[in-house]
Amino acid sequence: MQLICENLACVRGGRDVFAGLNFNLNSGEALVVTGRNGAGKSSLLRMIAGLIAMTAGKLTLKGGEADATPGEQAHYLGHLDALKPSLSVSENLAFWMGYFGGGVGIEPALDAVGLAPLASLPAAYLSAGQRRRLSIARLVAVPRPLWLLDEPTSALDQQSQLRLAELMRGHLDTGGMIVAAAHGPIGLDSPRELKLGRRGTELL
Amino acid sequence: MAVIDLANPTRFINFVNRALPWFAAATAIAFAFGLVLTMNAPDDYQQGATVKIMYIHVPTAWLSMMCWGVMSVAALGTLVWRHPLADVAGKAAAPIGTAFTFICLITGSLWGRPTWGTYWVWDARLTSMLVLFLLYLGMLALYWTAEDPGRGSRAAAILALVGAINIPIIKFSVEYWNTLHQPASLFRKGGSAIDPSILWPLLIMALAFTLLFFTLHFAAMRNEILRRRVRTMQMMQAQELAGAQT
Amino acid sequence: MSMFFAILVRDMRLSVRVGGGALMGALFFLIVVVMMPFAIGPDLNLLARIGPAILWLGALLATLLALDRLFATDYDDGSLDLLMMGRMPLELAVAAKAIAHWLTTGLPLVIIAPVLGLMLNVEMRAMGWVALTLLAGTPALTFIGLIGAALSVTLRRGGLLLAVLVLPLTIPVLIFGVAAANAAIVGPAPFGPPFTILCALSLASFVLGPFAAAAALRHGLE
């Protein structure tokens, strides 16, 4: 499977955020998008997820399902956790599993992020880090080949970051792909790096 | 045990656990006594047996107002002394007051059918009760909407006090709006206009409903305290898990 | 289909949990209807005559105001982004939200309408007909309001904007709803034609609403 981005451009609020962006990402590879604030890291992820329209260019997921867009085969972990405080931890996860279809089951997914003991508590009682982990459990619960992670390590403590890194490695080992926007290291050994900047972009 | 000791939630729960059976028994006896008196009370020469609805209607009307009074006092306790038990007292009173107001409206409506020929007339006193019912529902909605009980209680306390100031104004306005109403007759100037044969059953029924109110209120307060403890323990569980992992 | 029900069940569950607005619409309906006699006067004959109109106006306002947060909560917590990444067409997801909303907000209005009719001195027999027109018409209100809810969330404004956008669109529903109710109670025009048109409006909005709302969400969100 291969994610191909050809000549992507993004204009937001009348401002050129980036243009002429080309990269390919193969199965088992991770790409870390870096750049200063406002360089368009989040925009790029949201564009791949299909949440904002492409100004120009083409996005394909070669080897993926023909009748689904790349966004429909991707998980998006944004700044917001998409949790409902009045639903319990397991109800929150169960909803997204039901909506995205199938998966490995609630118990194993919660176990993977260390939230299994809290399954029956309302999500309102969770701390910011625990909410983030519950959000990550969604990625584990429903298999989708492409993970789009926007600052995945924010709000996570040391141990949770290690656990996330392990989950990401597991995902890559099974042929998955990761595109992550980050300011610092996210715990992967040798990810490729895409640097977004005002004078064009560099693929390192 | 001094009364002040009851301000401690744990002691309060112990007190309720011991006192509740006595309150319940007293309520049952008062109701039994009151209902027998009610049955033996004379029928109205015009309204017949329908008049006996009054023995439920009038006490519930009194209590629905008293209950707002209890909530207002609790509101002062919440806002001035920030006492957790006052929070709980206010919150526990709201659904009970709503229920009493609802019973008052239903019995008024049932009484209205044979008397006025329709289930509802925009009579000043019934309408005032309806507005009170709406205020109670607003109070319940406020408690229901607040996710954090502490913040919800303070908001509800302010609403309770605003309501307490407003209720007389509403009552006056509604009476002005509808000048066709019967005068309040029990505590009229120059003594009661009601015959003792009706007054006694009414007072006993009022006592029974008052006892019922306190029985329910104490039980509801105990349940609310326990509910908050469960909540606190669940939150501690979430925190402990976070602590154990780092 | 299981995805459709996942949304339906979640939204219904949310509306009955703490902070949900399940009965708030019905409560608002009750208050609006009770306010009317204070403005009009307690004349039972007059109230009986305009009763269906009052009930319809109350139901209209209650439905629209309750729609305010339909997408806003999902937008605020990021759920809306993920809903757009599902395999199911966004139109269906939006329709599921609207149906859940109608079941928890619209249906209670229909159920308490007879009680309120009693207070407006509308005859018992006639009240059945008024409730029937509400049952047929409130889905149209929800599905037209859905468009406004989607538009206002993309503009990040709620409340009055929604009402300003949507109220003019609901005029046909109001006209035929009240016409059908009056026809059933006082005549002389037959009940059939306005009621049929009311049902047609509901069915049409059932199709139009989700498409327009999904389009608004797709184009409006960034």
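As written, the chain order gives the labels A, B and C, with residue 1 at the start of each chain.
Rule of thumb we're sticking to: a residue touches a chain if its C-beta (ideal position, glycine included) is under 8 Å from a C-beta of that chain, and two chains touch if they have at least 3 such contacts.
Predicted model only: the values in this text are computed from it and were never measured.
Q: By mean C-alpha coordinates, which chain is most distant from subunit C?
A: A
Q: Between A-C and B-C, flag the pair that has more C-beta pairs in contact.
A: When the contacts at A-C and B-C are counted, A-C has more.
Q: Centre to centre, by mean C-alpha position, how many angstrom separate subunit A and subunit B?
A: 53
Q: Which integer distance in Å separates the CA centroid of subunit A from that of subunit C?
A: Averaging C-alpha atoms per chain gives centres 37 Å apart.
Q: Averaging over Cα atoms per chain, report the distance between subunit B and subunit C in Å.
A: Their C-alpha centroids are separated by 33 Å.
Q: Of all the residues in subunit C, which ones touch at least 2 other chains?
A: 18-19
Q: If a residue has to touch 2 or more other chains to count, which residues of subunit A qualify?
A: 85-86
Q: Specify, in ascending order, the residues of subunit B that touch 2 or more different other chains.
A: 147
Q: Quick one: in the complex, what on subunit A touches subunit B?
A: 85-86, 114, 117-118, 121-122, 124-127, 129-130, 157-160
Q: Hey, which residues of subunit C end up touching subunit A in the complex?
A: On the subunit C side, the touching residues are 2-3, 5-7, 10, 13-14, 17-20, 76-79, 81-88, 219, 221-222.
Q: Given the complex with subunit A, which residues does subunit B contribute to the contact?
A: 147, 234-235, 237-239, 241-242, 245-246
Q: Applying the document's contact rule, which stretches of subunit C touch subunit B when the two form their complex?
A: Of all residues in subunit C, those touching subunit B are 18-19, 23-24, 27, 30-31, 34, 37-38, 42, 44, 118-119, 121.
Q: Any idea which subunit B residues touch subunit C in the complex?
A: 109, 118-122, 127, 130-131, 134, 137-138, 141, 144-147, 177-178
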